[in-house]
Structures are given as C-alpha cells and as structure tokens.
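Pasting the structures in now, so scroll down.
Look for chain A in each of the two complexes below; its partner is chain B in the first and chain C in the second.
Coming up: the complex of A and B.
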C-alpha cells in the first residue's frame, strides 16, 4: 500500500526536479552567452540548424528504441538509414515529395526485414547481422545510385538533385515577433525567443512529423495493450509466451517499424537537411542515433532530449568560423559538469562527483588557456560526450532486460 | 579394431565436411546468386558481371589481391581473438587508424636510422593500437560500458583526431596534408613474384606470422585455453580461477596490438606517408570483422576468407568497363556474412536433430524391451 501511495508523489517530485534542472540549464546557457558575448550561441539561425541536425538522429534513435524494446539490438540502423536516403531520392524524383517519404519508409523497412529474418527466425547474433546490413546497405546504395541516377537530369553516379521535398511552413506573427525579441539580446528572454523563432521559421512538415513520432511512440508503447505486449517481448519473452503473446510476430513488427523509422531519418537527410542525395550521406548518424537512445535511457523523451543535444553539436560544427563559439561552449560544458558533480557529491556518490569535478576543472583550464578551439573538435563532441556519459552514468541506465538475447519459441517449456 | 577406428575417422571427416565446409560453400554460392539477382533485376548486363567476376586475374591484379588480403587478414585476426572470448571489437577500425597515424609520424621523423626504423615503427603502431583499445576495455571492465557502443564512438574520435593531427603537425602536399615521407633507407624491398608486375609488399608477411601465432596461442597454450573457456562461459571461467576482467583487458590489448599493424604493409610497401583520405585506406576494420566471421575465427578460415574478399574487391575494379557499378561486391560481402552465420545455424539445428534421432533410435529396443 505504501508503495502504491508513494509512487505518484515520487513521480511528481521527479518531474519537479526535471523542471528545475531544465530551468537551471536555460539560465546557465543565457549567462554564458552574455558573459562570453557569443550571441551566435542562441540565434534563431543556430537553433534552427540544430533542430534540423537533430531530427535524423532522433528518428534513428526512436527506430533503435522500437527494436530494443522488443529485445532486438539494431546496429543496422546506419544501413537502413542509407537505404532511406536512396528511397527518398528515387521515389521523390519520379513521383513527388510524399511518395519519396513513403519510399524511404519502405526501403528502411526492407533493411529491417532482413535484420528481422536473420535475428528472429535464424537466431543470428544481433550485432553480426547489423554489421552485415551496414556493409550490404552501403554497397546497395552505391550500386543503386550508379545504376538509376547516372543518366537522370540533375543526377550522377553518386548524387541526385532536383526532386520535390516536403513543404516548409512559417508561422507568420510568431516567427517575426520572436525574431525581433531575440535580436534585443535580453538576458534569458531573448534566448527563449530565439528558440521560438527557430521552430516557427521555415519549419519542414517532416520536422513536425519527426517530433510527433516521439509522442506517438510514447503513447503506443506505454499506453496501449499492443505496446505492453511488445515491451514484454523485450523484458521477458518466455513469460510473454506463456501468456499467449506471439513473440515472433511482435518482434517482427518492432524491427520493421525500427527500419522504417531509420529510413525516415534517411529521407530527412536527403530532403530537409540537404535537398539533394549523395551516397554515404548518413555519415555515422545511425550510430549516433543508437547513442542517443542509450543516452536517453531507452525512453522517447530521453531520446528527444539527447538527440537535440547531439543535433546542437552537429549544427554548431556546420557554422562557419565557429572556433570562438566552441570555445564559449567549453565554458558552458564545464559549468554544467560542475553542477552535475555537485549533485552527485551531495547525493552520496563522492568518488563520481570528484572525478566529474576534476574533468570540469580541466575543461575550465582549457577554456582559460586558449582563445579558440579547432573546429575538428566540434565534430568529435557527440562521440566524446556519449563516451563520457556512458562512463559516468552507465549504472543508472537500464536497457530492456532481454535486449540482444536470442529467443526461440518453446523455450518457456 | 582398426576397421572401427577407420570408421570413426571417416565419420569425423564426413562431419567436418557436412557441418563446416558445406555451410561455407553454400553461403558463398548463395551470396553470389543473391548478388547476381540484384544485377539482373536492375537491368544491368548479368553476363558481363559473371564473366568479369569469374575471370582469372592478371599478374598485376594477383599481386594486389595478395597485398590487400594481408591487411584484411591482420584486421580479421584482431577481431577474431576478441570473438573467441565473446567480445565484439568493432573498434578495430579506430585502432588501426590510430596505429597508422602514430606509426607514420614516428617513421617519418626518422628517429631510428635505416631498417631498424621499420621494427621500431611497428612497435609504436602496435602500442598506439593498444592504447586505443584500452579505452574501450577499461570502460568495459570498470564501468560496465558495452564495448560495441564505446568502440563505435572511438572509431569516429580516432578518425577526427588523426585528421586534426595530420593537418596541424604534418606537411602540406598539394591540396591535402600528410605525415613526412619515410627515408628510402627505411623502405623494405618486396617479394618479386612476376617480372611484369610490382612486388608483393614486404610486410604482407606480417599476416602469415600473426596467423601462425594466433593458431599457436589459441590451440596450444594455457592462455588460449583460458581465453576460449572465458568465451564459452564467464561463470565457468571464474569458477576455474580465471579472472574474466583481467582476460578482457589482456585480450583487448592483444587485439589492439594486431590492429595497430593492419595498415603497416601498405605504409611500408607503397604509400610511405599517411594522410586521410588520399594516403590511407579506410574500412579495413569492418572488412576484417566480416572475414573473421566468414573464417569461423580460425587461421586457415581467415586466410581463405581474406583472399576471397580481396579477390572480390579487386575483380570489381573491372566491372565498370562492362557497365556494372562496382559497389555491387559490397552487397556480396555483406550478404555472405549473413549467409554464413545463417548456414551454420541451420547446420547446427540439423546436427542436433539428427543426434536426437540417433539417440532415440539406439534407445528404442531398450525402452520397448523393459518391463512396464
């Protein structure tokens, strides 16, 4: 009884804490922005770029989430995403923008089907199958591009442009108003306004779809009987089997959806992030998507938050002459880590707190010692950050219990 | 007596053929058929594809195949030693980038004179590979971080880091940057095979040395036994006094050392300098992973698999002239890995079923004869 009674209040308290932390983060960002005089840190342009860079990672991450919730590790996201870029370009060129999106979904799902057959039906190790799909996917996209795009108008053996892409919308009043406020460089208010302007200016419908899929994923997986059964296959497939759940079917559905999401991420790259197709366009974003899923603790909102962060790092690396800006971000990162270290220390994890504090101080020293950071290091940020988070927080992360394990029907005995 | 023994030997050979060689052959054929279907379905000239792929390579191409195979095999051994212990070292890619970069800087600096420079460079490259592998290993052992995920991250960090180092501490060469070229006195001679073709790279021999060392280590030493035991069951290993965490560190270190060597044959054999992307060959780490799986983590299997993959890649260079995109062999390479694993799984299931049937048959008279 006490557990039942205390659970909601614990959740409320947790949400309360998240809100406070989010607010603290925004204040810190704003403070650093004012202190370092790097206004580009939160202009609508930068934030729009960050959002666009975040969406493919988000879609790949959600794809990974679907598969892992049903117990299948999908390292093949990268290959499925690549197939999606080709599908989007091919179908959009011949049949229009939204058929292109559908084509990307189908191509991604095809990669997912391959993974499903190998891992579910034949019990192949999930990592092996994923690696094979990534190799084959890269080859398939190179082959298909050369075979189908070379002779097209606007095409070449490794690229294609000149196809229709989903519409971009600007919300008239809010976009201009928020932009004006953001240009005033007021503390806190301008930064929030920049975010508002960033998401209301030239917003692709595909972006809206991507963010909506976070809510859809959360609702389907946690609020429907279908989702409950699917997740039970990822936690304890033998128990699910004894309750009459057709585990194979749920796993197949999950991996197909996973591939389709990754394919959609590919479509986003080839249609929104850039309006043309090139081979190898994903450039490791499938893997970062996987990282954002882990970083987000196998939760849709967590995936959203971490992919926005990775997207920001990715977006900043695209800005020209970004050395001073990255330099300023160094200070921000150091402050955030100091805050995190303090939380850990107070919470009783003294050693972790001290180690994190040490790293924060090292970053601070680096910040004070130089005026600018080589742009090469910005590109590295998502990877280093993920390694760091895994090293510090891996004990707090919880993956689905049966994820990556082989399952054969009839094991329950 | 001897007849019975001959029968047993015969059955062993039959079993080896049925459950090891047959699945491999089936997988390779299935992958080639699948690729041919892709070529045919997309309307490309299937006849030209088959003819080109199955043609006898020229002398020049034969040398290229052997050279490439040596690098692929080294990478495969690095992956295989981890596989045998149930570890996935996807990080071979990053480890050999770091090894190549460190080795090239060291060799180019010419600290050690003449041929001795080669040996010293190999040590430096191996050491760099070990350092990079240790990051993933230590995170795995102390913090429980999956080596697969950390390796993926480290691969990208390695690539960016190498690019940064070469750009800032290397020399400008045309539009790109490279490490300083090694002195001619430190460039080994190759093995001449044909008069009308270049030599086989001297350090291709590394693949053979590592291959023999690998077979010896795993099959004939206490350490190899411990390693395989840990791979089968970590709890069983622990119960026998093997510390699995120590094993992870040691095996990852060995794997990193081998990975550091991967690009050395090409470095000393032809490029003599390092710079991404012109003076480097990316992707060998993933190819090696595939070959290790194809070769079932055995020395002979890896040797054969690396030659096969090098053969496919080299033959594909001539596909362009018959109007087929050469990327198609990557489909073959990816599919063959899937097929080989699937084929072995099916063979295993058949074996288990047959054995169950055999046991049931042998027990049958006893059970029917026994009083109820």
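Coming up: the complex of A and C.
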C-alpha cells in the first residue's frame, strides 16, 4: 500500500496557507476600516475589549477540547463556568485574588467531576448529563450566592463586588508608542499597532495565564506520553485498553481538567471582564466556547483563533452606539465570505461556492441598503456569527473518532 | 517462550464459550488454531491476552503459572496480540499508535522513531512512522499492528484471522514475515479457518470445536479433508455450480455509471455492467475500491453522478431505495448491523423492514403483524435459523443465524435481482453451505445475482462471470473456470503477480 501524504509536509503546507490567509484577513480589515471610515473597528480600546471578551470563550473552548480529546463531550461547560464565577467571587472576597482563582478552578473541577461520574462510571448520555449540569449549576450558584453573599459588605442576594482581582500590567514604552502610531490612522500599520497597544495596555495577569494555557495544552497533549494516552482514549479507547492504558482514569483526569478550565473561564468573567459577581454572568459563553472548539477543529491554536473572532464580535456588541460599526462589519463579513466562496469554487465545490457567494451578496445588499444596524440586532452579533461560521465550516472539521461514545471495559477484540 | 493452557473454561450467561481447552505452544514455531466461527477461538485468545479472565484452568508460561488481570500483564509477560478488527486510532500517526502504552521503553520522540525505523528495516515493513493511520491500506495497518507487538519485544505473537482481509500476494508477504519472526526465536499463534493457509504456514495444528480442543494434527501429513472433518465433523462444502442456467435476457444493466464524492474524487468511473437472468456476476476487488458505492448506487442509496441503470428495461437511475426494492431487488448488505437488521427488534419486525409496502407483512396501509410472524416462521424453518422463536430480538442470534435470516427475507417475494455483498462473511461453514444452496436454487429459477465478496474461493466457485473493480473502474474480466486466485489477486491490486 502506498502512503498518501506524510504528516509533516502536510502540516508545513497548512501553516504556509494559514499565514497567507491571516495576512489577507488583516489587509481586508484595514481596507474596510479605511473605506467605511469606522476607525473604532481597530482602536486599541476595541481590540483590548475583544481580547477580554475572547478569554472566557478561549478557556471554555480549551476545557471542551480536553474533554473531547479523551472522548467525553462536555456540554456542561456553561454550568462549570457558572460555578467558577461564584468560586472566584467567594474565595477572592475572603482570601485574596489568587485564592479566588484557585477556588474557581476547584468549583469548575467539581462540576467536571459530576459530569465524569455520570458519563464515565454510569454511562449516562453525555448531552443529557451536560444539560443537567448546566441547569443544576445555575440553581446551585443562585442558592450559594443568596446564602453566602446577601449579608456581605458590597454583596446582595444575586451579586457581590469589592473583592480583590489579579493585577493588571502595562508595558510602558511599547504601550504608549503603539498607541500613538495607531492614532495616526495609517493604512495597515495603524491597525497592527492598535493590536499591539491593545495587548500591552492594562493587561491582566489572568489574560496572560489564559493565553499561556493554549501552549501548555498543546504541549501536554501532543508532546508527552500522558497526552498521547489521553488522546488515544478519544480516538479508539478499545485499542488503548488492549495496550494497557487505564481508559477510565484518563477520561476522569481529562474531564476534571476540562471543568477546571471552564471554572477558570468563570473566574475571568467575574474578575477581569467585570470586577463584580452576578448570578448567571456567563450568558451562554460556555456554549460559544464549545462552538469555538468545534470551529477550531479540536486544536488549541484553532481554538485560540476562533475565540478571538468570537471575542471580537462579543466585544463589539458591548460598545455603546455600535450600530454603524456593526454595519461596517457587514461589509467585512461579506468580503470574507466572497473570498471563501471563490476558494471553494476554484477548489471544485461549485455548489457550496455559489451558495456562500449568494449569502455574501445578500449581506452586501443589506450593507448598501441601510446606514446602521438596529441596536436590537447588534447584541446578537456573536450568536449569529456562531451559526454562520459553523454552517460554513462544518464540512471541513474532524472530531476525535470516539467522542461522545460510551465506553465499557472488556469489550476489545 | 513455552506456553501451556490447561483445562481453560469460560462461561457467559447462557453459554459455555470454552471448556477443557488444552493447548501447548512451542518456542520458535507457528502454531495454528483452527475451528469454525463460534468454536471459541476468539474467546480463548482474549483469555490468553488478558482481555477476559477465565473461570477455570491455568496458563503456564515457561514453567510458571500466570494470571492475567489485564492486557498489561500479558504484555509484560511477552505476549502480544494482533486483533482481527484492528485496534488502531485512525487520527494518530503510525509512531503514536506504536508507542502508545509503551512510552517507558523509548519515550515518544526521536529515539522511539528510530527504534520503529529499525524494526521496519529488520522485517522489511515499508511504513512511514509519521503517516496518519487513516491514510494506510489494510495490509499496512496489519503491519502497524505487528510492529506494535514487536516494539514491545513480545516473544509470543497471537494473530486472530490475519488473512481474512488480505489478497493473495499480501498473504504471502505476511507469511514471509511470520517465518522471519519464528526464525528469530519467537512463537506465533495463528488463528484461522482457512485450511490451505494453515497447512502452508503452520508447524503445529490444534483444532477446536464447540468450545473445546478436539485434537491436534501434523501439517506435514494431515490433509485438508481430515482437518475439515475434525473441524465440523462433516465434509467441507464447496461453492461450485453444477449446471448452466445463464440466459441472454439482461435483468440489470449499468451504462457509463459514475459517482463523484463531495470533494470531486471519482468513486465510480464509467462502470458498464450487465447481469442476465439466471446469472451470478461476481465483483472482485480489494475493499474500498468502489464496491460499496456500486451497491449503493444500484440500490438508490446514493445517486449516480452520470450514467444510467436499468432494471428489466426500466430506468431506475433516479429511483429511491424503496421503489427499487418494490421492483423486485433483494439486498444483502455488507454490514448487517448497520443496514441489515435492527438488533433490538424481534425477528418478525425485522421481517417487515424493507418490505413495508408488500404483502404479506402489510394489509392495505396498515402493518399485518400476524402475516409477518407467519412469514418469519417460514424463513426460520426454510433457512434453518437457530432461534427460540420469532419473538427473539435479532441481537440474541449469532452472526451466522442473523445472516441466514436476512438472506431468507431478501429472497421473499420472488425477487428478480439479488444484490449480495459478502453474503457469507462471518458465517460458519454449515450456514455458508446453506446460503450458497439458496443462491444457487434461486439462480436456477431465473434470479440474477450481483455478488460482491472478499472470499476469492466463493467468488470463483459461485460466479458465472467475474469482473474486477479497481479504483472505481471495472478493469478486468475473468472466466471463473480458468482463473487462479493468484491472477485474480494481481488484477485486484493492479499489479503483476
């Protein structure tokens, strides 16, 4: 039998393509920014907001990735994140910022443990268990907040503020310089400078931790025996079993880590994205994290890229008076889809290409027909984008082969 | 390594899978374990590899008694196993699959990679350690499995029906590898029910029947005939045709049929094919060369990108599956669990599936459970399906009995064409003979059969005409009366033998 393609050369080619596409994307953004005169599209402030909005999605997405790489679908991310928000607020209030972070990790892991016991030990359907955790998480957090926060100074039955949060750092020379360049509104250069300024100004240590966890996840899962064993449980647990891997143990570890990551995402929401706790603060970000994991093709870097995109949409939806800005983004989206359609068409998938092109044209018509997008709609941006992106991308994605399937020991062979 | 199994016993609820099993494996020899499907070979192997624990008996390795609680124990003792259904993760590379579970030996990086290369070189395996397993063919996957076992330094290698998925020249390459392994002092336990191969490769032979070892044989003096009698207590069935019933009335005709995948790859390309009344046309090919797609296009499960398909002069190219079936096409699917039966339905409900618009299982727009039960009972009797009753769920039946029931159902209602994918796969010798008989009888009555099979003996013996499919094209025609398995194998792989 012949070997079709060796992996390294395929990966090299893939990286090359990614680089070209990323460059094309930056140029397009810059062009649209200049053309529509919506400078807010790439100010340091907007991009900083986008990064802050992206991190909880990123952490939830990475959490989902850990679980699914071991074959467990963790749709309970939302509930585990909620538990994390409460854990962060409670422990930070009483013991300081970093104990708060630790508390969020533990609360999230607790939610993960629940999911693990249900799905791994008792073989409950992963979706059902996850949904149960989301509902139970919401109820538990409401109860815990009412019980523990009502009588605190700065607290109430549904909220808490006034606790310590992780330090924010600004890198002195670079931040100011980049900010100045970004204000010159030069084509391309200013946009890149805005991104630099966005990540060097008032950067929370928790943000650095979140981005570092992308590298840690990639390293542990792909460069260590532990990671290999964990991934084998998500691809073919029976095979792993015949080679002496304790599949149950790795699945448990993976789901615990998954819950802890989601909990950390919750901490981020309660400590960086805002400095106070509110019941139900996650607002569906666990689900968007799951979407970013899928769109990121179950890869850490992919999850990072897609959460930045979702985070940008989320950040824009939080800006005040964002109707004209979202309107400008319609043009951007339309152009990106046109490019995608052209790639598809040339690649031989004519029908897909034509359908996507049609959608792009419809967006363009919408852009030309109105001057601003109504505010009711702008809040929906991240969710609509999720649907869009997954509908367009879903054919190319490949999930771990045994993800979501129940596993019982002793069925190999 | 000297391995002795003494008095092994294993019970499952309601069945005794193994009892009084005695087996002695010498070092430096190929030991063949033969027996019909369901004779208990696979259970015995799982016990020896620690996947399942025996209820009684002892395993003695080099004089010391051993208990294997999990495969890890067996691996540590030096036993490795190549499963019939490969235990590989498609999305991991060859290297990752090999080092999984044995990371302590050489890590998972460069030194592991060079060790894998060394073994590949020593045994002539042409494998790229960084290739994804998903890109490999069946023979290469099997080599990855053997590589896994060798990497762990196993001195006894168990191979469960390793030749079932290989074409003849791949079998030869495998046997050459096995001889190399034995020459280097390892032992091989070779499980099979193909007697020719066993006589070719084995140094010792042990025969199992109904869960127990019934005898041993010396391959230098034993004949196929004797082994067969030991295995089944009766003569081997042969798929030969006796009379010529081929007519010149075409029942199924494909003209220039092509099928493109979503990515534009040609799964079927310009296929021309005719099946006449009373004729069995065999399709030979390595799995994955378009057989599945060919069947799906004919059955209306997928629509041909171009070309026409006619059934008894009616164009059925764009008909839905139900309409195709209503016109008298019986279909034995390749994977009976995915397409043939609903495992948790009782037999009489399974009788209705696929015939839900036809008598006697329906009465007008409603189902007719009484009629379905009666007809299911007819099938059970005529096709010798071993089941307590037609109310038993299909899951409770053995694979062979499920298959006989499917054949019986598909022969119901006097079909004009039978599309049979691997009709006797995973079926024991007795049931195989029965299924062949039924197909032959239907052919006599004017049924046209399109037969797809991986069993070359079945193809050559049963077909009136053979077509070879390679990469979605019909590339060669053979007359089964004067073709050898070697020639056919060469044509199937597109190379010279």
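We take it that the second predicted complex is superposed on the first by the 403 of 413 C-alpha atoms of A that agree within 3 Å, B and C clash if a C-alpha of one lies under 4 Å from a C-alpha of the other, contacts with A are read in each partner's own complex, and residues count from 1 in each chain.
Everything below uses one rule, namely that a residue touches a chain if its C-beta (ideal position, glycine included) is under 8 Å from a C-beta of that chain, and two chains touch if they have at least 3 such contacts.
All values derive from a computational prediction rather than experimental measurement.
After overlaying the two complexes on the shared chain, residue contacts for A:162 are found with neither chain B nor chain C.
Contact with chain C, but none with chain B, is seen for A:349 once the two complexes are overlaid on the shared chain. By the touch criterion defined above, A:127 reaches chain B but does not reach chain C. Which of chain B and chain C touches more residues of chain A: that partner is B. Shared-chain residue A:224: touches chain C; no touch with chain B. Shared-chain residue A:138: touches chain B; no touch with chain C.
Contacts of A:398 after superposition on the shared chain: chain C is touched, whereas chain B is not. Look at A:238: by the touch rule set out above, it reaches chain C but stays clear of chain B. Residues 395 of chain A lie at the contact with chain B in one complex and at the contact with chain C in the other. Those residues of chain A lying in contact with chain C across their complex are 1-8, 223-225, 228-229, 231-232, 235-236, 238-245, 348-349, 395, 398, 400-401, 410, 412-413. Residues 42, 45-46, 49, 51-52, 70-72, 75, 81, 83-85, 87-93, 96-97, 99-104, 107-108, 127-128, 130-132, 135-140, 148, 160, 262-264 of chain C are the ones touching chain A in the complex.
On chain B, the positions that touch chain A within their shared complex are 38, 42-44, 88, 90, 135, 139, 143-145, 148-150, 152-154, 156-157, 160-161, 163-164, 167-168, 286, 289-290, 293, 325, 327-335, 337-338, 341-342, 345-346. The touching residues of chain A, when paired with chain B in their complex, are 75, 114, 118, 122-125, 127-129, 131-148, 157, 284, 287, 290-291, 294, 374, 376-377, 379-380, 383-384, 386-387, 390-391, 394-395.
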